[in-house]
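Once you've had a glance at the structure underneath, I'll fire off some questions.
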Amino acid sequence: MHNRGRLLIACSDRPGIVAAIARFLFECGANIVHSDQHSTDPWGGQFLMRVDFELPDLVRRTPELVRDFDRKVATPFAMSWRLAHAGRRKRLAVFVSREEHCLLELLWQQRSGDLQADVVAVISNHPDLEPVAAQWNVPFHHVPVQASDRGAAEAQHNEILSDGIDAVILARYMQIVSAAFVERWRNRIINIHHSFLPAFVGAKPYTQAYERGVKLIGATAHYVTEELDAGPIIEQDVQRVDHRHRAADLRRIGRQVERMVLARAVRWHVEDRVLVHGNKTVVFD
Amino acid sequence: MHNRGRLLIACSDRPGIVAAIARFLFECGANIVHSDQHSTDPWGGQFLMRVDFELPDLVRRTPELVRDFDRKVATPFAMSWRLAHAGRRKRLAVFVSREEHCLLELLWQQRSGDLQADVVAVISNHPDLEPVAAQWNVPFHHVPVQASDRGAAEAQHNEILSDGIDAVILARYMQIVSAAFVERWRNRIINIHHSFLPAFVGAKPYTQAYERGVKLIGATAHYVTEELDAGPIIEQDVQRVDHRHRAADLRRIGRQVERMVLARAVRWHVEDRVLVHGNKTVVFD
Amino acid sequence: MHNRGRLLIACSDRPGIVAAIARFLFECGANIVHSDQHSTDPWGGQFLMRVDFELPDLVRRTPELVRDFDRKVATPFAMSWRLAHAGRRKRLAVFVSREEHCLLELLWQQRSGDLQADVVAVISNHPDLEPVAAQWNVPFHHVPVQASDRGAAEAQHNEILSDGIDAVILARYMQIVSAAFVERWRNRIINIHHSFLPAFVGAKPYTQAYERGVKLIGATAHYVTEELDAGPIIEQDVQRVDHRHRAADLRRIGRQVERMVLARAVRWHVEDRVLVHGNKTVVFD
Amino acid sequence: MHNRGRLLIACSDRPGIVAAIARFLFECGANIVHSDQHSTDPWGGQFLMRVDFELPDLVRRTPELVRDFDRKVATPFAMSWRLAHAGRRKRLAVFVSREEHCLLELLWQQRSGDLQADVVAVISNHPDLEPVAAQWNVPFHHVPVQASDRGAAEAQHNEILSDGIDAVILARYMQIVSAAFVERWRNRIINIHHSFLPAFVGAKPYTQAYERGVKLIGATAHYVTEELDAGPIIEQDVQRVDHRHRAADLRRIGRQVERMVLARAVRWHVEDRVLVHGNKTVVFD
């Protein structure tokens, strides 16, 4: 993957964009391996593209590539864009509270090679999962959160995250993060939460789901925005349950769905497959 | 199926219930073919049971059977119960408005033998689906509904339903039914509606789902209660969608899920597989 | 969809292909609405692409477009390619024997608008489904097949299909078609058959599946090749079953899966989403 | 779960079986919490039942219970049967070769409480997974297998398994076990293997699946019998793939399906939910 680059592009749609990008890459000597493109509307919509290409000597040529692409293609089309090296592994910080299932799934998928990224920090408001982090040789940071002084905890978080972190994963972290934190990590904080059809408002959702006799238990992974649990959805899935499942079983099954859905969302993010547009995502999976 | 009977039983749980039922059937000369039992809690919960049995000469012996079971078993245990003949096809009235997909699925499954029941009346507040009913030789009743006089329409509905109807299916019927109607058909009116994770409140749910970029489109079939769309859930399912689906595609896929979910719910109801307990169902599928 | 065109392209992969295509379309005044591209291998593999574009006055300009694309792009890159008009509805001939479920699903999806194509002929070796075709106003052709003279039937088939047919759907047609027929309709005959894990060789597969106690019943839709049931797979799906399902239930559930899988495969074919490469398909769904 | 017992029963079906069992339990003072019953055919078929009951002082009363049930119920109906204590955790030996995914899933589900059993031995023909076992504090036994002397390895296996093992899990163990071993552990050895629709015979099945372009990758968990991979199926599942997945991706996804399917099968076995009848299972899940 040494010479594999990725362009992630968003701009207003109009004729000639693909031609300009493809021509630029061709003239550089790159070969397009895979490209995904989506236009929200053929006339006047948003143009979104992910291009995977191979280019000999990619790392050395990157500064020149960035400068030229900006001048020749990105500026004329007023693009938001970035260039990613497929060969560089992203560094993840995982926030947890007391439940281990999502953290474990990520650590495991990292080891098995399913997840091409490194969990380099586990941060928690509780000490419970320190042994899990220790077992996998990942630094564990216990940062208690006082309701009266959230700023102190956040200062510690920022300190830890200053170490070249690419993305923050809220893996059942039961605390709210501040608007400033959301702003700094815009579209780079992924959260997971349970989901039901229909939704249950208020406390003890699994008890409510049990009492209504739902037949499906689901989970939603999304980017975190200022509005709680209302950010762009990355992935969702469900599992079937029935009347023999008690509220405790629903919670257990919910955990299984959560860890699978979160792991898929993180994998897609890590592979630069998720583009955000308005309050929704385009996933080039 | 001539000699196949079904007992549907609910009562407070305590030791000896299964023994009493099984002994009664054995002494009648019946053979238990299949039984499903569920206790919501081993001590002090609700006992629910569905027993399929074969008994020679069932139809002739039914009055005696009912009398004896009531005296020897049902009364001592304070049971709610009924006896159904598996061989008797249920008669369904289907309420529709303008969309045909749910009605068509039911008519089709009736013809293919997947649904062992007969649609004997189609009732609509619009004339649009008269040709569909005609194509399948089912009487069609156009009963317009005036917001100012819902009672008049309901009187007509009652007249039509007086003809030995077993269950009412709201197959995308876009009108509210009265509390009196719900009471009369308690646990015998099945409704279908779309479902999302998360739920979207307000108008144009598919547009909202599109704007949030949901990854799953679902449907819920439930018994109708006085509270809109909050009755006991019988069945739910979802289908996967992505960013390439426009709001119109989501609606199209939603229709596919709706017809499948409704058809399964109706089939289970028709086969006496659904027991209601509080605001939830036990489905012995 | 009047001015919506589609380019379907296959060639050996090398740098510059996307650039050449995109530039050509841009210089014509077309806007790329959606493009999907897949390379089987970045170096020396096969390049496959589907481009949806909008071009004012498409129909009138088509002859010029075809001539120019061939000269400027297709010939230099030695492409296999074709141009399709998204606005032109394809004409389908559906072959059946005695089972109606697949035919009905196609007719229905045509009417509901899910399938943007027209079933213009139903051909059968049995007269049983004539009433179904009549109910939907589609010409029905009863063409009996004698094992001793398959050529006679095929001559009749060819006669019927000469009427501008785009694709042939074998919707539970229980006869083998000849190698010459396969050759003439290469990658335009779609077949559906049941599938199990593991596969069951020999007669009565549902009975075998029942005796082994399989937990999933599946179906596979594929293009027909000279080797029976071994052509490129377009779509597959499964449904869950358990020990309470008897062999007859497995057959019933198998029919439900078959009609859904076939309908999806036909829809993708009709929308030019399926490209064949070797013995496999690329589905740009 | 101290006083929770389970009866697992199989016999020829005839009237009165449920009555006899239920009466026996009632007279002992037990309360039936849940019962599942299945008859393969109402007249002359096989009767299978799983009864969960609560009985005060169960452990002390077990010898008397077994003696009485045998005399009063099991002998008259010629039953195969056993009594299990729900509160006793089963002891599992897990056989592995080089791949860790199935072993890890079991260890993890044991820790999270999803699997109510203990992995007490890991046995492998390779030393590779010793660190995994060590990380989870489970004894690891490296038992190399020589093709020329399989008996020596099996003698070691028997020695290790003599320590009160309840079931043997082949978690990607790439060696064949002997007929004598199968006989000794009849219906207590669970194996997992990949499954495709259609099946691929011969070597490199994932490469074949890739070349045919399958759309689903599956796995099957089954009891091991003398005939390779043809024993009674306990559980199966699939995951969707497409043309963008290379052979290596199919293998990766196959591993995900394998670990989920195996874990479900082991859980059902451990909870005495699986009854074998002929070459199929009845799973009372």
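So that you can tell them apart, the chains are marked A, B, C and D in the order they are listed, and the count of residues begins at 1 in each.
By definition in this document, contacts are C-beta pairs under 8 Å (C-beta built on N, C-alpha and C of every residue); 3 or more make two chains touch, one makes a residue touch a chain.
Since we're looking at a predicted model, the values are computed, not measured.
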Which chains lie in contact with each of chain C and chain D? A, B
A-D or B-D - the one linked by more C-beta pairs in contact: B-D
Rounded to the nearest whole Å, what is the centre-to-centre distance of chain A and chain D, using the mean of the C-alpha atoms as each centre? 37
So which stretches of chain C touch two or more other chains? 34, 38, 244
Touching chain A in the complex: which residues of chain B? 38, 195-199, 210-216, 218, 220, 229-230, 232-233, 235-238, 242-244, 278-283
Applying the document's contact rule, which stretches of chain A touch chain D when the two form their complex? 34, 100-101, 104, 108, 112-114, 135, 244, 252, 255-256
So, in the complex, the side of chain A touching chain C is made of residues 13-19, 21-23, 25-26, 29-39, 42-43, 54
